[in-house]
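See the structures that follow.
First subunit A sits with subunit B, and in the next complex the same chain sits with subunit C.
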Partner chain A sequence: MMRRTLPTAAIGAVLWAGCLALPIFLDSAWISIAAIFAIYAIVALSQDVVLGRAGLYDMGHAVYFGIGAYATAVLNVGFGWPILATLPVAIVGAALVGAVFAAPIIRLRGDYLLVATIGLNAIFVLAMRNDLGGLTGGSDGIPGLGVPSLFGLQIESQSALFWFDWVLLGVVLLVMRNLDRCELGRALRYLKQDQLAASTLGVDARRTKILAFALGAGLAGLAGTLFAVQISTVSPSSFVFTESVTLFAIVIVGGQGSIPGVLLGTALMFVVPQIFREFAQYRYFIFGIAMIAVMVLRPQGLWPRARLAR
Partner chain B sequence: MSALLELAGIGISFGGLRAVDDLSFTVGEGQIVALIGPNGAGKTTVFNMITGVYRPNGGKILWYNHDITGFAPHRIARLGIMRTFQTIRLFSDMSVFENVRAGCHLRTRQHWWQGLAGLPSQRREEAEIADRTSDILKRLDLETVADERAIALPYGVQRRVELARTLIANPKLVILDEPAAGLNDRESAKLNETIFGIRDSGITVLLVEHDMNVVMNVTDHIVVINFGRKIAEGNAATIRNNQQVIEAYLGRDDDETEEAA
Partner chain C sequence: MGTFIQQVINGLTVGGIYALIALGYTMVYGVLRLINFAHGDLCILGAFVGLTMLSGALGGGHPGPALVLLAFVVAVIAISVAGVALEFVAYRPLRKADRLAAVVSALGASMLIENGIMLIWGPEVRVFPSGLLPATTWHVAGASISFVEVMIIIVSVVLMAALYGFVNHTRFGTAIRAAAIDQDAARLMGINVNRVISSVFVIGPALGAVGGLFIGLYYREAYFTMGWTYGLNAFIAAIIGGIGNIPGAMLGGVLLGLFNAFAAGYVSSSWQNAITFALLIAILLIRPSGLLGERVAEKV
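Entry: the complex of A and B
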């Protein structure tokens, strides 16, 4: 009911606004960690559109993240486009690739779809490593990206970049919340739970799933631009298969279709490891154990989607 | 009476089994038509072919004289044909309210981008959908369980939820697969009224039912099939006295014969 969803959204909005003040309190290393969190939160939310909402086993989602990053890097470094002008290209380009790739394979059963998406990831990384069209710079990637400028102001400092990322995270969070409350979002849930029943109610499974794929890919593309700007070098290693696996795991561990769950999952996967930097080699050991424990003890995720909402 | 739906010699095979064979009948606009027959006769399969779940490998299905054979389920729904399932198919993670609202899918006008942007026109439509859902819940006596998880409710209530989900779409034809299965006597008596109510609101009804109390009392026209073939057709009185029908039920299941006789 409204009564139940409203406070969560309101608390979320207040938390988000509070986080905007973080640069005042944090040193520059932590500001950049917080900025990276926002970027990966967007990618994880976009993975959730495809995996958590539509129930499509996409284990190659880093591809769309990569397409966004490369679109920005190539256009900015190679062609001198301003960063902000590359943003729509990154979003639309990733969305188009997502839609075109999804169209023929969307009918596949979950496990087959999974393998197909892994294949796409492998092809993408290979293409980038081999300097596709002489544009992507091979294994070393593309260094030396510029910074975005807004109304003549250069978004250059660590804090400015942080705000840039967090404002866009805010927009994405709003879109995700709206997705929960519109017919597209509901249609995805119908399809995920019972495709036959959904179809007999008039849901066009193919069209709706392709749309979900495109939407998820487009949001990942947006995050790709932010990522490229944040680290100012784009290289294939950021978009390899293990990155896709991590994104997949964030959604499953955090809670499918749950905005707070996915944010929590992102924090656990990307921020907590920074805290335990010293124990580098044990980090993944502990993570592996934690992931197994969550799946055994709490298969619906750490912060599951609120059920029975109106 | 004009033909709303016409099956012209449809058939389908599963492996070597001819589940439905050369079946023809017509559903007139405003009628209540029953499809009956022993278990395994092919009734559900017929419904699955009409609603696009299975594609017939022979014959034609006509809707207002247009060929709709082999249309995908969502296209069939778009024509105004809605169904329920013999094995109830409610969305398991959703409340009664959410399940019933799902039937509104085709009545929404919002585009995906309007939804994602949360535009005022979309918010208005959301409010309308919620109102419409509340109305239909009231009509089918479901308002008290609106926020319950649908699949945790008694069978009879679940059947009503599934029915509400089809009716909210304002269909031209509803197809009900054993709507009385699992209902107690009181509920099944009430079902008769509900079915009349549906017809009176201008919706044509095609149903499969074993409960002869329901079949004999509510239908205008009965089609009897056995082993996938039509063995009789007519009004309740004709069917009740048809020798082949009596035998079909006798040869199979004694219970149902008693009810049929």
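Entry: the complex of A and C
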């Protein structure tokens, strides 16, 4: 196992380190696109924990992304917390909500879980739009977020934000890599292959799945904070069902459980549209064709997970 | 009493439409175990095709009802062809693949159709022409019922009865039910399963086109994202009734229509969708396979 995965991981680490130098070569518009890529890559990887690794059909993952973003926005704008202090709240809050939502619905069979999570997403967006508790600012959302400061250093310039996002992406990538080797990751793999056999070996299916859901939701919450800081406004339209569908599609189009696949999927679904801004009208039309074409030609995804030795 | 009856009339009208669309979801799911996310958009495509017929030929001095009938015929044919083409291009190659590949393909098809409608007919709300159907309104016990409402309720009931008879009392209907239970066994019995699947993608979209055009005639408007709104409600109806179950889709549609009509009286409209979804999640938790579906919950 080590021999097969180590080279890819090493190449990945070198690539990541190389990308850190990007702000030197790019103009500010491109730096911000690269920063947004890192943010969406984290959300997509978190969706992969739930969908690709745990095999739970979660089509409402934008909810946890949104909870993280709203936690940061409400605490920063409404209560004057420093941005970095909101980060743990965003992660833990999203993870808790994920676990609480997942606990009752996790026993639903695949497609029913999918429908229930679509429902949760719709309810979340409506709650934010209707200004829940007078905190979420309704349809316009919450504008005017502050700037994170680290040891007295203001992370204000686009390059600084880029590094901030990419360092955290690096941390998440490390978590994803270690997930494969730890007990939770192994339990998830066995559960996905054969739940009955895994249960007889002492894997607590329910607990493992809820844990995976909480982990995925927490990572999405982390990305939510980064997103809120990056665009400095949080509004419901960033967390609608279409976003969840896109995240879901990234994992399947890229390759379930495959880190390079998910990163490639993120680049295709979130970054390419930024480049072709002037064709915005045709964007989703072409997206639709591309999604069908990729699935028909490569049902296992563009960059499927390498087979791990068991 | 008057408002109560009025809500029942409204609920039955919308419920009939939901049921017609829900049948398409449930029949495809029954045979392929696939949520056809593009179905709602196909239905609204039907509404737009009908709208083009209705507004394009108006100047010719055709009598309204005949024109409406023609619009229905054209929409039904066009959407059936689109349904078969969709299955052939987006779903057939993925029958043996991972189920999620087909789900993403369906989501792609939904985006493709929805945005195709926007590119052809524009992003704005299109208004249906008035004066095509009799404006008669009857008053019963303090409630009123319009010609369009009567038409929608009667046609929905007739179509559902016809479908029920077809599926339960004809040879081909038996083949559809057999393929839904076990495709391999059905094949061994000499049933052409590919033909069954194609037929499901004719019947579902045909009924859906009728439902879509009903939406246009009832609300007198159509816009490109409508497929998501109404498709989702119809889909919820199919699940409430027990997805894969034909009478379940009919029951679910009518129940959801009534539920929405009554909820509209008591709940702010900005929360309406949340209430529908809360109902859906509650039903899934109590009876994961819907009202008429068999129990298939995972034991975890």
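By our rule, the second predicted complex is superposed on the first by the 307 of 310 C-alpha atoms of A that agree within 3 Å, B and C clash if a C-alpha of one lies under 4 Å from a C-alpha of the other, contacts with A are read in each partner's own complex, and residues count from 1 in each chain.
Heads up, the rule we're going with is that a contact is a pair of C-beta atoms (placed from the backbone, for glycine too) under 8 Å apart; a residue touches a chain by one contact, two chains touch by 3 or more.
Keep in mind the model is a prediction, meaning the values are calculated, not measured.
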item: Which superposed partner A:110 touches (first subunit B, second subunit C, both, neither); value: second
item: More subunit A residues in contact - subunit B or subunit C; value: C
item: Touched partner set for A:248, first subunit B, second subunit C, both or neither; value: second
item: Which of subunit B and subunit C A:122 touches, first, second, both or neither; value: second
item: Partner chain(s) touched by A:202 [first = subunit B, second = subunit C, both, neither]; value: first
item: Contacts of A:183 with subunit B and subunit C, given as first, second, both or neither; value: first
item: Which of subunit B and subunit C A:262 touches, first, second, both or neither; value: neither
item: Which superposed partner A:194 touches (first subunit B, second subunit C, both, neither); value: first
item: Subunit A positions touched by subunit B in one structure and by subunit C in the second; value: 205
item: Footprint of subunit A on subunit B - complex, ascending; value: 51-53, 72-74, 76-78, 82-83, 85, 89-95, 97-98, 101-103, 105-106, 108, 110, 112, 114-118, 122, 126, 130, 147, 149, 165, 169
item: Contacting residues of subunit C [partner subunit A, same complex]; value: 33, 35, 89-90, 93-94, 97-105, 107-116, 118-119, 228, 232, 235-236, 239, 243, 270-271, 273-274, 277-278, 280-281, 284-285, 288-289, 296-300
item: Contact set on subunit A toward subunit C in their complex; value: 51, 57, 104-112, 114-116, 118-120, 122-123, 126-127, 129-130, 195, 205-206, 209, 241, 245, 248-249, 252-253, 256, 281-285, 287-292, 295-296, 299-300
item: Subunit B partner contacts - residues on subunit A that touch it in the complex; value: 1, 174-175, 178-179, 181-187, 189-190, 193-194, 196-205, 211, 215, 307-310
